[in-house]
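The following blocks contain the structures, represented as structure tokens.
Shared chain: chain A. Partners: chain B in the first complex, chain C in the second.
On to the complex of A and B.
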């Protein structure tokens, strides 16, 4: 029960944010929740299976553009339908991509995913008539559970119904991922990460498990991508650019990829720190680049890794006394 | 050579370009004759290569023992930092050495009009490629470099000072990147995004040619360059798309590239 305390407190805090925090801070929580969903998926691949994707922006882009197409071209405005369609399209695209990518590991895997991501990016950028090119596409305000809220002022809509909708999606996504990670399937993934040869010798079909992990993470990225659209009301190709893939990997590392909730912490810190830094100086990349370098060199376990080692220190002190 | 996939090479290229522009502007402002503008350009390009030492000693050497993933992320950190450094120093508007591009005039070649400067760059890149080839295959330093790439522990056991080799190799790579950036500047303009955009192209070149193969990189560059030129005139919409599709085809069919060695 004790390990439920942290996440439970965090959830309570998230639920209270719109009531106590000013709207501006609340609005920053929306991308956080979208990225949280994306990172849960990314970390299944990176933290649990040991495959670093540098092309997950591809699936974020697919989710976001699915929502934009459905709302502004087909008049389908139900957010549930959008999320389901995003997940389905994400899976559809991911199936062949994953089948090709999982044949490689390490740097080749990263490069191949990057190449696929850039194919989608150039496609979106160049086919101006279909996708609006670099101007992007409008993502109209979706219906929530069939309720039309277009009469509401935008901020009120976003910090109210839409906020709690995102919380619900995030909670469901987290619970599903928790089940996946703690199932025999999740255990197999970790075995593959630590020792692929041994896993194969134990009768685990390594490529098939990697493929499944890739598929799940792509679906998560697509759903999270669709959630990114409504707050800005617009989607554009930079969502699919390779530096965006780099940023989400950065968030994962910042929070700590060895811990289930690490990436979520990373996304939270990344978004609020970026906002803070940008309000002081425009050069957030310089500071974040330095921060990333420090993490990679001195604290590869990320923030969660630092917390865990402090807790361990305290435990050893206590047992010594 | 070092088996590091350097995402930041594009940023070095952009850095070289900006410093090149500034050097040429300072040169003309000081009253240097226009026909000599290549000299400050090359000097600046090679000079900025010094950042390679700083980066290698200051950052990269900490992660040689780690997983490749962390090396990749560290170079991504460099991409972020260098982009903002460029913005801080040179601002966001594009910089160019206007007018100097045609300082050497033009010649008619096979029915097309070609600025002489383009021919100079072509000649320079051939010279560089040949001298790198010579360095790698004919000198003691080249042999040490290749031996280190092949088997690091063995090389160290035979008395190779790994730290010095790595520092030199990385600096050499950086200097080539910055020189390339400086050389391309008279023909275009320096923009802060050019580094991030170049990296995907450089990545295509290296993948098509094969990682760790100099010959492959040269052929890959030719393939990408020619394909882009053809695609721009035939189907402009799929220009870059075509390159990525070829990259994927190469990665799937020949993961080690056209000239890359297949590890045992």
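On to the complex of A and C.
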């Protein structure tokens, strides 16, 4: 029960934000929630399976462009249908990509995912008639649970119904991922991360489990990608660019990939810190680059690692006293 | 015969690591493979466990051709192994390591939404931990265990697969002399309890080899020098000269 206190309080705070915070701050929570869904999936692959992808922007792009296509080209505006279609397309594309990538590990895996990501980026950038090229495509306001809220002012829509819709998606995604990482499947992934040779000797098919983890992470990235569309009302190729893949890896490292909630904390801090730094200096990437170096050198466990070590120190002091 | 290898040959370029090696292990046997460094023991183990394919020859396990089949298929067929250099999952606890083996044995690794607290998985893992004297350390992360316990955990996880045959690659290497016999006693007792039909081990410690083996296969320069009972091996001058050494043979 004690370990539910932190997540419970965080959820309560998220639910209260639109009621107590100004709309601008509330709007920043929308990308946070979309990235939180994406990072839950990415960390299944990275933190739990030991494979670091530098190409997950590919699946974010698939989710975002699926939503844009469905709303602006096919007139399908149901967000539930968009999320399902995004997940399905993400899985469809991930199946062959994962089959090729999981045959490799470490830098080779990373570079291969990066290469596939860049193939998709070039596709959405160059096939102008289909994708709108560098201008992107409009992501029309979707229906939420069948309700057409077109008449509602945009900000009111985003900080109201859309906000709580995103909270619901995040809660469902978190509960599902929590079950997955604590399941027999999740345990097998952790054996592969720790020692693939030993895992295989225990009869655990390493490539098959890596493929499954990749598929799940791609589905999460596509769903999160679809949630990124409505707040801006437009999707463009930068969503699929490799720097976007780098950003989500940064968020994971910032929060701490060894902890289930680490990447979520990383996404939250990244979004608000980026906003703060950008409002002060235009060189936010310079600041974030230095921050990344500091994290990797001094706090490889990320913010969650720091919190955990503080907690351990306090417990040691308390037991000593 | 539970395991049979016929004319196994392995070439690495021009170098012949194994030269027409044949062996057979029957049910109820504890067989040891001995040989000096470079005799081809590791190559033989890798071929028998399907990690690598022979240049020529075949391996049959329970009458099925398993030549180059790979660890996963062999584990599922009922052949488990432990490693010369201890292989553990550093960030997993003792209990989680054993649970992973049980999950694999029960074929439940694909279950995304079921719980690890499942009674069958938990009880089988705890039972194996108790069997190997690791019961009180089951919540300790594997990397924090002393070397002897790491070795035991490596072997215990193989036993948790409830295999019909187990292949132990130097089960007492890297362990203090005092701990060696204790480990072997635990291992033999666990084999009886689990119902393992045959054990094949590679071992350098001749005291361990002669104390526990029903049969000994001596390898030298990639060939089988002798395949006989411990008493016959002790009297085999060729084996003494090439493998055991005169001083060690006299000391026995």
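Operating definition for what follows: the second predicted complex is superposed on the first by the 321 of 321 C-alpha atoms of A that agree within 3 Å, B and C clash if a C-alpha of one lies under 4 Å from a C-alpha of the other, contacts with A are read in each partner's own complex, and residues count from 1 in each chain.
We adopt the following convention: contacts are C-beta pairs under 8 Å (C-beta built on N, C-alpha and C of every residue); 3 or more make two chains touch, one makes a residue touch a chain.
Everything numeric in this text was worked out from a predicted model, so none of it was measured.
**Q** After lining both complexes up on chain A, report clash or fit for chain B versus chain C.
**A** Result for chain B and chain C: fit.
**Q** Between chain B and chain C, which one contacts more residues of chain A in the superposed model?
**A** B
**Q** Is A:290 in contact with chain B, with chain C, with both, or with neither (first, second, both, neither)?
**A** first
**Q** Applying the touch criterion given at the start, work out whether A:200 contacts chain B, chain C, both or neither, answering first, second, both or neither.
**A** After superposing on A, A:200 lies in contact with chain C but is clear of chain B.
**Q** Which partner does A:122 reach: the first (chain B), the second (chain C), both, or neither?
**A** first
**Q** Once the shared chain is lined up, is A:69 touching chain B (first), chain C (second), both, or neither of them?
**A** Neither: A:69 stays clear of chain B and chain C.
**Q** On the A-aligned overlay, A:220 touches which partner chain: chain B = first, chain C = second, or both, or neither?
**A** Neither partner.
**Q** Angle chain B-chain A-chain C between C-alpha centres, in steps of 10 degrees?
**A** 80
**Q** In the overlay, answer first, second, both or neither for which of chain B and chain C A:190 touches.
**A** It touches chain C, and chain B stays clear.
**Q** Counting only touches as set out at the top, which of chain B and chain C does A:180 meet: first, second, both, neither?
**A** A:180 contacts chain C only, not chain B.
**Q** For A:211, using the defined touch cut-off, is the partner it touches chain B, chain C, both, or neither? Pick first, second, both or neither.
**A** It touches nothing on chain B or chain C.
**Q** To be precise, I mean the smallest distance between any C-alpha of chain B and any C-alpha of chain C in the superposed model; what is it in Å?
**A** Minimum over all C-alpha pairs: 12 Å.
**Q** Where on chain A does chain B make contact in their complex?
**A** Chain A residues touching chain B: 52, 54, 100, 103-104, 106-108, 110-112, 114-116, 118-119, 122-123, 126-127, 242-243, 246, 249-250, 253, 282-286, 288-293, 296-297, 300.
**Q** List the residues on chain A that touch chain C in their complex, please.
**A** Residue positions touching the partner: 176, 179-180, 182-185, 187-188, 190-191, 193-195, 197-206, 209, 212.
**Q** List the residues on chain C that touch chain A in their complex, please.
**A** For this pair, the touching residues of chain C are 49, 70-72, 75-76, 80-81, 83, 87-92, 96-97, 99-101, 103-105, 108-116, 118, 121, 154, 157-158, 161.
**Q** How about chain B: which of its residues touch chain A in the complex?
**A** Touching chain A: residues 5, 7, 59, 62-63, 66-70, 72-74, 76-85, 87-88, 196, 200, 203-204, 207, 237-241, 244-245, 247-248, 251-252, 255 of chain B.
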